[in-house]
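Consider the two complexes below, in which chain A is the common component and chain B and chain C are the respective partners.
Up next is the complex of A and B:
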């Protein structure tokens, strides 16, 4: 029987180093691997024995694009371990920092990485001749995300102003007002992109029923990126502290990153599409308008629409960013805000929704504040098994539709689009050593 | 836009100082910042994201870049590229959030048309070791000193 392989040695336009290998025998798909060969990072092992005050400065360097997200997740977990309740201003500022990180990440992914595929260009610069305004806007939006992170975190990448218990320096009202105005100015061009995207067809080979997982937002009525419980699209809900029982990690030979499945053995998806599936009905304002425009029949089980979900979330981030600026502007101006606390032994879990999905950090510290155990589960590691499942489904669909005539080049492009739709951050996903075993 | 008669220059060091010799550009900028630069000239770390030049730029007509550059020559070799050579460097996408340097320079010029007038120069230092860990190898550290001195003299000459 004829056997053939489709190999993508280096997956382009994703963060980090990975590839795809598919083996087809006759008209059956025998093997689908998303090979992750980015070197392992061992960050969790590095943290063991370190003082808790060193944690965020180390763990933030797991990745440049996700540095603010890892910072907030780590601080949340450590503060739980120490029994610290951050006051409202700290909560709001961290929220604004996360919104800035999501704006930066989604702007790049939607405009520079995904849209060229859908519009038939090989890169964002190739798009510039036909879509000059969108290409220019994309960079300005990304820069706005960077500026927000710089204002709150002290610098655009690897924040230094974010501390256990608060912030070393707070932004002035003038700085917040400037960011607010810049956020507002992006809404109309962003909605113009929604109108453009509405005209694009989404290929059906991305369709596949999926289990989705996302955090229940802390706010009972609205769409938020920080949450209080782990929820699945099957109607299950678990406390954050039970995340290790909900998410079963396992290793596979072809990947330096662990894979994940639910206790039932089902693979699942985290990220923008999962958040919209579970909580999209809580969107308001122009984000709701964007959701209704891009998902006129409601949520769709097609991973390629994760790119559209990211666009909806971009609109949400802009509107929510303006709201948070207003809340902060209503507070009395202060130079810094740090909560007093005493060092004690404890254990804490921090879970937040970040651009690629749910990010878990857990730390246990001893009486002297030294890290005894550290554990990080990234969204990309959670999505890898589901990515392979969707890759297999796409290949099977295309073989069924096109038979042996299936064009290898088109097959490769289709596979790359599936993998890119997840917006994998491979750099974050490879850190396979845990210190509690 | 700086208001002065002599052309202002922005020097940007690119690279990751936690990845051995990849931090050569950052080290050159650190040396320049340790001394006094001519009025209107600045030296800034750009880290690993050349798109940050958009945020760092304040209208300078010249932007000089310093980075590690692999050309399979002896470690510490200094490669000097002029504007057109930089923009024609064949470089594919490195990763999702780090497009290549020529792509990013073009993207910034598209987003901010005033940046299209910038004239770029690049000092590229051939690395010996790019891997996890701080510190430069001996040859690269010597090259960093030479490049910092050369840029300092060039800045003085440009005034």
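Up next is the complex of A and C:
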């Protein structure tokens, strides 16, 4: 039997260093590895013994694209450990910061990293020649996401203004009103890109039945990114604190990032498509309209539609951003807001839905406020096992359909598109943090 | 630093890191497309899927630390094919956070994180890229500031050498009329020891400088430590702030190890 391999040594248009290796013998797929060779930075060792006030500034540097998300997850976990309940304004401002981060991340991924595949370009720079208006709009949208993070977090990458108990400096009403107006102005052009994307075909080799996991939103009736329980598409629900029992992590030799599966052994997907599967019926306004346009028959089991799901969430983030600005504008103006608290020993879990899926942070601190245990599970690490499963099924589909003629270049492109659809963040996935007591 | 090419060939690379400096390049939304017209970005894995990994480069930008053997090989290859090599970000220039606890052996770290008895990782002590090959320009920052990247890119395009102030953050902080975090708030602020260019971001948000941009030129460390001690700030407190970003560099540049880690 002739054996052949398809190798993508360095996956382009993703964040971090990874590759794909597939071994095919005859018409059977023998091995599918998503190689993750990003170097390890061992953040756990950097955190152990540190004072809890240093945690945010260190852990945000696990990943640049996701820095605001790691920040909010870490602060949420630490505040639970310390028994701090952040007041309304702080909760809202962090919500707006997360929306800004998701707008930036989704705009970057959908338009600059994923869409070039569907339109036949090698990069967004190439795409700009044929679709100048769309690319210019995408960059503007991404910039708006960054501006929101800069306004609330003090910097677009690795925020400095975000503290345990609140913020060093609050945005003025004038600044919030300006952001609100800019958000509102992007809604129509964004819906125009929804119409453009609607005309694109989604290849069928991305299809595969999948288990989805997402947090139950804190708001009973609406689509939200912060949650109160872990839910699966099989109808199970678990408290956040049980995350280590729900998500089983294991190491594989070809990856510096750990893999995950449910207790049942099934791999699963987290991210935009998972959130729409579980809570898509809660979308309202133009976001609902975008969902109905891009998913006319409802949610589908095709990972390539995760790009479309991100576009739906972009619309949601814009609309929700306007709402949050309104809520903040109704509050009296203040220069800063920091809750008073006493340092005490404790343990807390912070879980939020971030662009690529569910992110868990857990910390335990001692009486002096020093970190004795830290654990971070990132969405990309959770998705890796499922990504390999989808890569395998895509190769099998293409070999079944095209036989031995299956064009290696086409196989490679297809594999890249699958991996990219997950929007993997390899820095995040490798810099797993875990220190057991 | 003339690069002698109408449309220079450029590569942008990441070693081990958070990709924050490459992201800051992507974050130059208003300038990115114009920049791409003036230079030929032929190798940038984070942004393109078709890359020329062999082309000779007029300019290469590199972010991150060397934390694997593969990183080191890549770095040497990049140096070999580039006329001008620019380090972007504190990791590449100084080592940054990944180099913070280099005294702990890698095997210990590996066991702690991966819970595996079989070593399978390609891992070496994290060190700045600038320790291994000569660089022509260094742009610190965690992450780099966009305006500084654009100044470097522009200077290289017009064939001049970009100049950066090596003054401390305090200099920028004063021009912003912020309250001093040390004098008024009795906090450990690294501003007087840290390179400016960020516009004193942290103190402008009411937060002490964490030293993320690495050392300023000719810093008086002893005077800083005395200033903290005079305010009855404990060694533990001083070490807590100072051992994050720049402790290895500060130590190398004259600060005694005991002073950074004192009281522990």
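Keep this in mind: the second predicted complex is superposed on the first by the 434 of 437 C-alpha atoms of A that agree within 3 Å, B and C clash if a C-alpha of one lies under 4 Å from a C-alpha of the other, contacts with A are read in each partner's own complex, and residues count from 1 in each chain.
Everything that follows uses one rule, which is that a contact is a pair of C-beta atoms (placed from the backbone, for glycine too) under 8 Å apart; a residue touches a chain by one contact, two chains touch by 3 or more.
On a predicted model such as this, the values are computed, not experimentally measured, just so you know.
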(Q) Under the superposition described at the top, does placing chain B and chain C together on chain A give a clash or a fit? (A) clash
Q) After superposition on the shared chain, which partner residues are touched by A:125: those of chain B (first), chain C (second), both, or neither? A) both
Q: Using the superposition on chain A described above, determine whether A:109 touches chain B (first), chain C (second), both, or neither.
A: first
Q | Contacts of A:216 with chain B and chain C, given as first, second, both or neither | A | neither
(Q) I'd like to know which partner A:91 touches here: chain B for first, chain C for second, both or neither. (A) neither
Q: Pick one for A:256: touches chain B only (first), chain C only (second), both, or neither.
A: second
**Q.** Contacts of A:65 with chain B and chain C, given as first, second, both or neither
**A.** both
Q: Name the contact category of A:347: first (chain B only), second (chain C only), both, or neither.
A: neither
Q: Return first, second, both or neither, reflecting whether A:140 touches chain B, chain C, both chains, or no partner chain.
A: both
Q: Count the residues of chain A touched by chain B and by chain C, then name the partner with the higher count.
A: C
Q. Which parts of chain A are in contact with chain B and also with chain C?
A. 12-17, 61, 64-65, 108, 112, 123-125, 128, 135-136, 139-140, 142-143, 146, 156-157
Q.
Considering only the defined contacts, which chain B positions touch chain A in the complex?
A. 18, 47-49, 51-52, 54-55, 92-93, 95-97, 99, 103, 106-108, 110-112
Q) For chain C, which residues count as touching chain A in their complex? A) 14-21, 23-24, 26-27, 29-30, 32-33, 36, 41, 45-51, 65-68, 70-71, 96-98, 100-101, 104, 108-110, 112-116, 120-123, 126, 142-143, 201-202, 204-207, 210, 212, 240-241, 244
Q) Which of the residues in chain A end up touching chain C in this complex? A) 10-17, 37-42, 44-46, 50-51, 53-54, 57-58, 61-65, 67, 108, 112, 116-117, 122-125, 128, 135-136, 139-140, 142-143, 146, 154-158, 160-161, 163, 167-169, 251, 253, 256, 258, 336, 416, 427, 431-435
Q. Any idea which chain A residues touch chain B in the complex?
A. 12-17, 61, 64-65, 105, 108-109, 112-113, 123-125, 128, 132, 135-140, 142-143, 146-147, 150, 156-157, 423, 425
